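A, B, C and D are the chain letters, set down in written order, and residue numbers restart from 1 in every chain.
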């Protein structure tokens, strides 16, 4: 381990061979880009799946040309079967939650910018860093492989509730090999993210440049630091849970499977397991996971917003404090996923109050963002638009948390589309807006080229309006009692089908808009306007190095930090309204 | 890779078909001289057991299909004359390999109609292709549960309304494979997979096993509730041999 | 561009609120004795959440409108009160809000879960399995016979695994595929899962409870309105999940007795 | 958007910091700055990373423990297994290995104390690796011993799926054995570095701490498997 860390400091010449440079690279920047690429592949896969699901929900017996090529049993005559719908749903959720919302804002941007922003040449353990990516990549391949093996991918949802996920193929298609691959993929993914945290935390604590006190770290660095602390504990719990699940599935143990289960008239050979045990272990991971997805977004949005408001936030410390308390509380609230699961009704109350209380720090963060807009010199560009969109989405999704935090109301809304609308807005869409903001903001630094602003703005408008058109109606459906995870709606849900069709159309359009982003990304990468060192006139360290940064980030020099990260809207000798973190000059008294 | 698998399986199926055809021709040559058959009736001795009615209220579509013909279990279906329906008869002993290995021509059809299986019991030869179709406007899943020891592989696939037929076959002898629909738990039937010629009783309990070369055999009758009965018969060229069975009501 | 953003945001906010205010989509009318307090809780939360939503979006829109694209030399203003104001607002406004919700919510929850069923409550057993509910009425003797999982055989419609030849108590048990209850009579629902996790949800009854395999739970409720309602499964249980449904009939006592007779005859 | 107009800061000559890798030494404020919240020394990343890793491992076993408690509490089918006697021998072996490793660490640091720490890795003492080899052997002996314990249980007819108690026994011992193997990997690395005269104190103390942790973890697991909660 030791020589790895010195490697990070006493830099050798950058690698020359293609393999070492781009594939098995030790450079945190390349690894960051690899993570970003993985996230990109995953997000478009997940989006394609959601398209198929939406089409099916809108027009249940619609034949989707060529679908049988994807799965002959899943779509005989191109019409999606119930099991295949559930399989697509499970894969959509798993891919999005793990390989997009966890990978992109945390692992991708974090790897690329954390060391630069704290003034280090690299992560302390480049080899572990490289492993972290490739392990995650293997996890992705394992998950995707389940599409083509056995009777298809798992269908028990991203929560993989036992016993459905533990009894094997007798419970239906997708419960055989697919379910094992699902659990294996998650366990592997956990290893990858634990290795990641192994680098993030020491980088933040020990590799800071001279003068870079903790109180001078950019807010997004705090976001990543807090996230890696959460990832550390959360993934360390999911992994053993997955291992036990696999054992129940393949080795006939009975951790989660109780006695006397009769499936298809066959008495199952298990005894005495506890199904609630899985739910407790899973949600102890699952709820922090939600914040693992969103906290980096909060950091990135703060960073982007400040740069474009040309002023610091009302308070730097309060934001950090709130992020910390959210992270801390997130471990005490997980039970609100289980209000009606059959756990002791008293514990429902115990979990309800922290859940309600967690809205306080969240609200304060939003208030500080909005309040800081007051009297600012807001610059409107793709990045800042997405940052503002993040706030709007976060609020929209957050308020529905008031409902779901209360067990009594959960009686009505549990497992309805209200829940789906809630977590899509607050966790998925908001987090993805954070990713977009970060992309438009940092792309020049990552690739040395500017992105096309016009395309960026078109992309924003379509996505922003589209997202509302898709996810607001989910709440209405939920209020009307529309159950989630149904592949077709009959009985009292039949009148709601038109709403589903509206959502489907909106989803198709919004999804299509993402190809504008993809085009913008690829085109700008190669033919975009060459980016200057500091296009947005920012103060933090990543903007003191060339775009893209050299192999050792600072070209052999040691940055020295003289200021907190957000010296904006100040008077300076040079006439600029900001002071770089590493510049000795001080602001003229106004 | 999926494509490849498909291509491979197609090739295998084609090969299989050729082999079967060959076997067919050969055996026909062998027994073309004298083609015997076994006929008879299967009756139930005693009062027919009460067949519970089926409450399909879970799926309104199914209810509608049975508005004026209430559905009942079909475990034991007896005609007014006491004839027992859905009994499968096959030759359990005495068949020359050439005959027992030959696969009957044609694809027996297993239909899902009014959330019931028609026929309730479907007999077929080992490796004979059978067809599962749906006439219903509601989705069914077909889930046969063979005994794992026989080497038959269980499967479980859904058929949305208007989906193309599923063409399948069993690779090992098995009497009988229960098949059910999980979406409509009352739906159940049987696949009876045998070697050589077979017959199934019609509504008044009579059956015919054709394509039997002269010789003496053991004929077995299988009924899902009453199990099996055996009978020795001798088939001579020309005149059909007769074998009647009587199951005793429990 | 900023002004467009502000306008769009306000339009979206109002547009999102309209269906709620207009009550286009709302929970089915409550037919239970305990549901009123839940509905009250729901509408209260709706008001508070709705107002916070609109307020936040409006202020965001207004500030973006006011403070975007100002000249480079424009003075950087400071929000009166600064962070302290925000923190106080967060704690006081939201704090009291959620505290109130929490406390009232507790009352609502308690009214459902912390009250024992009445002694004369009518016991009905419901069994969930892939992918149907089946119900069992104890019959004249008022006793449920024991379950024998090894006897479960759907081919003979023995969905519960009863031994009606040997178990005295099972002989007169009535097994049905639809649920019927007499109006204004408290029901004690005994929940049993045959195979996996399922859930029992009747929107109109304001009851929602998962089946836990290997652990039998119970619920109690009183239906106050005659009619036909749907029982749906809300816990993903496999490919037939979407079609796991049963119908609940709330009858007058007379109709209920007739129904029970009819069902008994079908056994 | 105009590009930046600030003066590039003075590039100060780079002082190679030997001895410890944590260039946290660099996060001192330049003269005149406020010293609030700044440490003049931060530990080498390796040791921070170690604590991070230990935290993760702890959480993993906490999860296993809670699973075991819930399962044992809810179960009617729990048949408590009597632990094979060899486990206690293994425990002694593992404790001994910790001891030998500690002995080596101290002697190494004492020798090194003589040399000026500032010179760092340049000329580190080539202490005899005897104690290290002893530790290595004991470690391997432990894993082998665990394997024997498994065979013993198998002979008694306790397989992975026989009973929740045996399931947990195999899972926990296997998980722990894996961590011991990791430690053995660390030892081998240490021995290699030592033979090259390149062994740094951080590497040594990190792997020593890890080894002790795995040791304590085993004592805990032994209690957990032995006790009837």
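Assume a residue touches a chain if its C-beta (ideal position, glycine included) is under 8 Å from a C-beta of that chain, and two chains touch if they have at least 3 such contacts.
Just so it is clear, the model here is predicted, and its values are computed rather than measured.
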Find me the chain with the mean Cα position closest to the mean of all the protein Cα atoms on display. A
Chain A-chain C separation of Cα centroids, rounded to whole Å: 30
Whole-Å distance, C-alpha centre of chain B to that of chain C, is 46
Calculate how many whole Å lie between the centre of chain C and the centre of chain D, each centre taken as the average of the chain's C-alpha atoms. 49
Whole-Å distance, C-alpha centre of chain A to that of chain B, is 54
Name the residues of chain D that each touch 2 or more other chains. none
Touching two or more other chains, which residues of chain A qualify? 81-83, 172-173, 259, 264-265, 272-274, 276, 488, 490-491
What are the residue numbers in chain B that touch two or more other chains? 139, 141, 158, 178, 180, 182-183
Strictly by the criterion at the top, what is the full list of touching chain pairs? A-B, A-C, A-D, B-C
So in the complex, which bits of chain A are touching chain C? 81-83, 86, 155-157, 161-164, 167, 171-173, 175, 258-265, 267-268, 272-276, 309-311, 314-315, 318, 340-342, 345, 348-349, 352-353, 356-357, 359-361, 363-364, 366-368, 370-380, 385, 388, 391-392, 395-396, 399-400, 402-403, 405-412, 414-416, 457, 461, 464-465, 468, 472, 476-477, 479-481, 483-492, 496, 569, 577
Under the definition above, what is the set of chain C residues touching chain A in their complex? 1-2, 5, 8-9, 12, 15-16, 19-20, 24-28, 37-38, 41-42, 45-46, 48-50, 52-53, 56-57, 59-60, 63-64, 66-72, 74-79, 82-83, 85-87, 89-91, 93-95, 98-99, 101-102, 105-106, 108-109, 112-114, 129-130, 149-150, 152-155, 161, 194-197, 199, 201, 203, 206-215, 217, 230, 232, 234-243, 245
State the interface residues of chain B toward chain A in the complex, per the touch definition above. 1-3, 6, 60, 139, 141, 143, 145, 154, 156-164, 166, 178, 180, 182-183
For the complex, give me every residue of chain A touching chain D. 1-3, 5-6, 8-10, 119-120, 124-125, 194, 197-199, 201-203, 205-215, 232-233, 235-237, 239-241, 243-244, 247, 251-255, 259, 271-274, 276-277, 280-281, 284, 532-537, 543-544, 556-560, 562, 574-576, 579-580, 582-585
Complex contacts: residues of chain C adjacent to chain B: 129-133, 154-157, 159, 176-178, 238-240, 243-247, 266-267
